[in-house]
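Next come the structures, one after another.
Across the two complexes that follow, chain A remains constant while its partner is chain B and subsequently chain C.
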Partner chain A sequence: MPFENKAEGDWTVVKVTDMRLDAAQAEPFRKHVLTEIDAGQSQFVIDLESVIFMDSSGLGALVACLKQLGGQGEVRLAGAGGAVKDLFELTSMDKLFKMFDNVEAALAGDGA
Partner chain B sequence: MRVLIAEDAKDQRLLLKALLKKQGYDVVDTENGAEALQVLQENPDIRLVVSDWIMPEMDGPELCRKVRSDAFDRYVYVILLTGHEDQDAFIQGLEAGADDFVHKPLNADELRVRLKAGARVVGLEQRLDERNRQLGENLEQLEADLRLAGQTQMSLLPEAGCLQGVTMEWFFQPSRILGGDMFGYQELDEQHICFYQLDVSGHGIPSALFSFLLHHMLSDTAGSDSLIKQATSHPPYYQIMPAPSVVEALNSRFQASPDHMIYFTIAFGVMNTQTGIVELVQAGHPHPLLIRKATGDIIRTGKGGVPVGMIEGITYEADCIQMQPGDRLLLYSDGLIESSNPEGEQYSVEKLEALQASVAGKELKEARDITEQALHDWCGDDRFDDDMTFLMLEWQPDS
Partner chain C sequence: MSSEYKLSMEIDSDLTQTAVVAMAMRGACALMSVDASEINRIELCLVEIVNNAIEHAYGNEKGHPVRVSLLLTDSKLTLEIQDQGKTFTNAEEKLNAPPPEPDPNDPSTWLSSGQGVSIVSRMMDDVSYDSGEGWNVMTMSRIFKKSEPDN
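Now for the complex of A and B:
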């Protein structure tokens, strides 16, 4: 499984263990999180520390989760670095997601 | 079903023929392997063979080897007649490519069931062949359709040329036959032009269809629901829409759903060709490069923004750029800077900037050609992983 779930209080931390969140992994990722949302979960931290490459489909999958929540929940992104951070900057993802340096900061809700 | 017999002994041949005819087969008889092979080559509908083992000119095992060779284009089921009971002969026959064996002296019942098994396999093979043929035809049809759609896409692209003192050059290369990239430019009135370059997420047919639609919407400057130019009740009876409103209108028109995340990035600009002022919106798209003629400086333009169609209610901010005569703008898709060389290294914005600085003094057409060549050289062959598009503009007002 390229994604690992961990419950932290009300939050579900989803760790992407693959190095790439691209066309091949975006759909499984989207399904994975949407299943959690259907099961009633609404607060997510996506741990992207291991991801070194993301493309437009990976970006689409993250936003799909946000759209599925429809404002009734939150998705925080943690640990984006390098090319992933560049992509987030280019696409102004900070307007859609709160970004944190790591999972701890995301759970604490401060920093960014 | 037709069965071919290869048997050199006349009495055996006649007996075999009579037995098979009685069992309802249409029988063709030959006297050795060579003759049998020739009949098989001339009659592609024959797929079932009963052959003797030892024959002059070409024996049974050799006939098997011939029909199993690459030169033979179909599956033929071969039953060898054998008087041998020993293991070695059995293995030798199988190695030569025989499917089954019938022992001599012939037993009508044994022959009947073994042929029935053979006919079953042949029937299966024929159905597979037929299905493969149909698949091949369908694929050919699909590819022909795709090529046609690819030509349609190419026909939407404007010709290189000059609008109100703005010279345009471009490069467009879908990664497959069809791409999700698009660009365009046009006059809005006597002193305004607009231009854009966009990249729909994903590749192939869905992205291309979406890019066709966007092209259509961004070409509409006269319709009542044009996003770019709207009618007003007072002179000059039209209003050129600010670049951010155009992109915001597209965003509200095309919202992706969580189940179907298709969206696009775009750089869209409106230029006053008298003053050289460009209003540029960049939505998730790579920063367009401004190339200053006088200084050779390369400046990344655009104020950033979320890709279009991702989230409702996003506002966009225009970057206001004062062009100077001879200045250029380069709009490009991420396929350019993310294209990898054979070692896996990406081309990068930095390399693109350095290249543009080095060709800033050259004619626009030459700068375009050099840029295209650099991309080919980088990728190492003619095949690109992603759609690649760039649009170059140079402003040279009449003075």
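Now for the complex of A and C:
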């Protein structure tokens, strides 16, 4: 599975280890995070530092996780660069997600 | 460096195969010194349309052809994506629809699918869709900027 979880206090850091979060990976990713939400987790940092390409399906999977939380949790994004950041700006999805330079900043809530 | 590149590819209708046509396109664009941020956006458009063919035209069923052809000149890229699946209905209407705007206070505006065509129509200069002789064809083109020389 190209996703690794790490607990940091109340937060679950989910690292995407593949270089692409695209249509081929979107559904496994969505299921992976939804399993954590079903298990009671509500605060997530998604580590996108390794991801160099994301398409609308990958983006949609992130949105699906946010919707599943129903306002009772948070999804912060860490390490999105280049093409990934561009996708969020192009689709105005940067309005829905707080984006941070790296996992440490996301956990601290700095620099959004 | 040639003044023009032409490339024709065919993949199976399998989402794990999309990356290979994307990488081939990136290679051709790099040879033509297309600006890196332009290559990223062109890759996004190509992937969205190839995935639409796989997911919607073929209903995610493997074993069908998706053809991608590329024509790259000194300033313009033209991509054609062809499939033999279900025709994309109301293509023109969807291509001309205003982009969705998510409202942070209204979860009903948070779209988790269906954004691909909107992205493509904004990123490309020209997009058209046609069906005939058993093939559906999405054609898109963009005048691109080139990367700055190092010195």
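Convention: the second predicted complex is superposed on the first by the 112 of 112 C-alpha atoms of A that agree within 3 Å, B and C clash if a C-alpha of one lies under 4 Å from a C-alpha of the other, contacts with A are read in each partner's own complex, and residues count from 1 in each chain.
Heads up, the rule we're going with is that contacts are C-beta pairs under 8 Å (C-beta built on N, C-alpha and C of every residue); 3 or more make two chains touch, one makes a residue touch a chain.
Not measured: the values here are computed from a predicted model.
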Legend entry - Fit or clash - chain C, chain B, common chain A: clash
Legend entry - chain B versus chain C as contact partner of A:92, first or second or both or neither: both
Inset, instruction - Could you tell me if A:24 is touching chain B, chain C, both of them or neither one (first, second, both, neither)? - result: second
Inset, instruction - For A:82, select first, second, both or neither according to whether it touches chain B, chain C, the two together, or no partner. - result: second
Legend entry - Partner touching more residues of chain A, whether chain B or chain C: C
Inset, instruction - Examine A:67 and indicate which partner it touches, taking first as chain B and second as chain C; both and neither are also allowed. - result: both
Inset, instruction - Please work out whether A:57 is in contact with chain B alone, chain C alone, both, or neither, and reply first, second, both or neither. - result: both
Inset, instruction - For A:34, select first, second, both or neither according to whether it touches chain B, chain C, the two together, or no partner. - result: first
Inset, instruction - Tell me which stretch of chain B runs into chain C once the two are superposed: 58-66, 256-264 or 292-300. - result: 256-264
Inset, instruction - Take the contacts of chain A with chain B and those with chain C, and give the residues found in both. - result: 23, 56-57, 59-61, 63-64, 66-67, 90-93, 95-96
Legend entry - chain C residues within the chain A interface of the complex: 15-16, 18-19, 22, 37, 40-41, 43-44, 47-48, 51, 54-55, 99-104, 107, 110-116, 119, 122-123
Legend entry - In the complex, chain B residues that touch chain A: 199, 201-202, 256-259, 261-263, 265, 284-287, 304-307, 310-311, 314, 334
Legend entry - chain B-facing residues of chain A, complex: 23, 30, 34, 56-57, 59-61, 63-68, 89-93, 95-96
Inset, instruction - Write out the stretch or stretches of chain A touching chain C in their complex. - result: 20, 22-24, 53, 55-57, 59-61, 63-64, 66-67, 70-71, 82-83, 86-87, 90-93, 95-96
